[in-house]
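Questions regarding the structure given below will be posed in turn.
Read from first to last, the chains carry the letters A, B, C, D, E and F; within each, the first residue is number 1.
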Amino acid sequence: MGAAVELVPGGSLLTDTPEEGRALAVRLARLSVKTTQPDAEVRGRLRTVYAENADSLIAVAQVVAIEFATIAAANNYWR
Amino acid sequence: MGAAVELVPGGSLLTDTPEEGRALAVRLARLSVKTTQPDAEVRGRLRTVYAENADSLIAVAQVVAIEFATIAAANNYWR
Amino acid sequence: MGAAVELVPGGSLLTDTPEEGRALAVRLARLSVKTTQPDAEVRGRLRTVYAENADSLIAVAQVVAIEFATIAAANNYWR
Amino acid sequence: MGAAVELVPGGSLLTDTPEEGRALAVRLARLSVKTTQPDAEVRGRLRTVYAENADSLIAVAQVVAIEFATIAAANNYWR
Amino acid sequence: MGAAVELVPGGSLLTDTPEEGRALAVRLARLSVKTTQPDAEVRGRLRTVYAENADSLIAVAQVVAIEFATIAAANNYWR
Amino acid sequence: MGAAVELVPGGSLLTDTPEEGRALAVRLARLSVKTTQPDAEVRGRLRTVYAENADSLIAVAQVVAIEFATIAAANNYWR
């Protein structure tokens, strides 16, 4: 690993609550971006762009939804 | 948690009816956007843009569909 | 509920046939758009735009496909 | 029903072979477009546009892939 | 069938290895494009466009990912 | 195979940890791009484009999310 980006914080898809699972989904999505663009300065600059763009925000929400589907299944939907 | 955005209202994916599950899907999608853009004033401004743009509305519908797939599975499709 | 948009017509994902399931998928997709843009006049105007745009039509088809996946699973694929 | 577009040709997701299942996926995708844009003349005009556009063709392929996932599951993957 | 495009090479989703399953996913995606645009000359021309466009390449990768999900499930993930 | 691109590194979807599964998802996505654009020089040039584009980075994250869903299911979510 070394300096590589950690891709799954905590090393597990299992969480105690849906809320924590959702937070994990958001982090997984962000870490995917970080893996492709490791430069924090560039990411910060891009963030000011997409955070002001409706379509970009919707696209982010889509990624979160896909990640969450996996996490929710992993946790048997916290039933 | 503190001032952080609540990501799963009610803390559960389980709902009594498909209608409530669908409403939850819509809220999850909106909360993803809120997490990425916490500034309500900016979100309000963007809303006037995407609510008048056909492709943005279709993209929102896609996110809702993905969120709903997860919620429906969690509820065993309310069978 | 009151004046809120009904999100799941009939209140169930279960249908007698694949044809009815497919029609439900189309309606769910449209109701997502209606929830985000409740103004019928605006939706009518946007419709004339996306109904003449190939990429918009393909995007609508994608949303229908995702909604249908959920409905088909709910109905155990009408086997 | 009446003059409405038939959405699921044959009224079933079950097919004898993967090849037929794939053909059904293509037809479902096209029928979604037909439902949204019932005018054959307009669809014909749009077809000449998207059939010459790489990104549109890729988007069509994506819809087919999603439809096929459902059909393949319905058929227990023709195992 | 006749001159129609073959949509599932080999007529089965079952493969011996993940590598072969992945290759099948790539072929399914390409055959979807071929079905929509049967003219090889046009496809060749479009290929030089999308192969040099980052967003098109990412979109192709997305289609492959969706096709592969189905094939992997069909093969019980080659466990 | 010969000079063809290897599509599934290690020839298996099974990994010891979620972290390794996530790394595999990233590699699968990149290998899809490599299969469509085998020229390393072109890919390098395109990389400098999409790594500076917010929407491209989000699209990459979406592909990774879809690949990961398959890998996670293959590994029974590392439960």
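One rule holds in what follows: a contact is a pair of C-beta atoms (placed from the backbone, for glycine too) under 8 Å apart; a residue touches a chain by one contact, two chains touch by 3 or more.
What you see is a predicted model, and the numbers here were worked out from it, not measured in a lab.
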{"item": "Target subunit F, source subunit D, minimum contact steps", "value": "2"}
{"item": "Interface composition of copies subunit B and subunit C: same or different, split at half", "value": "different"}
{"item": "Chain at maximum distance from subunit A, centres defined as averaged CA atoms", "value": "D"}
{"item": "Turn needed to bring subunit D onto subunit E - CA fit, degrees, nearest 5", "value": "60"}
{"item": "Distance between the centres, which are taken as Cα means, of subunit D and subunit C, whole angstrom", "value": "16"}
{"item": "Centroid spacing, where centroids are CA-atom means, of subunit A and subunit D in whole angstrom", "value": "32"}
{"item": "Distance from subunit F to subunit B - Cα centre to Cα centre, in angstrom", "value": "28"}
{"item": "For subunit A, residues contacting two or more additional chains", "value": "50, 53, 55, 59-60, 62, 66, 69, 73"}
{"item": "Overall pattern in which the protein chains touch one another (line/ring/star/complete/other)", "value": "ring"}
{"item": "Running round the ring (origin subunit D, first step to subunit E), the chains in order", "value": "D, E, F, A, B, C"}
{"item": "Subunit A residues touching subunit B - in the complex, by the definition given at the top", "value": "17-19, 21-23, 26, 50-55, 57-62, 64-66, 68-69, 72-73, 77-79"}
{"item": "For the subunit F and subunit E complex, residues of the former touching the latter", "value": "6-8, 11-14, 28-29, 32-33, 35-37, 42, 46-47, 49-50, 53, 55-56, 59-60, 62-63, 66-67, 69-70, 73-74"}
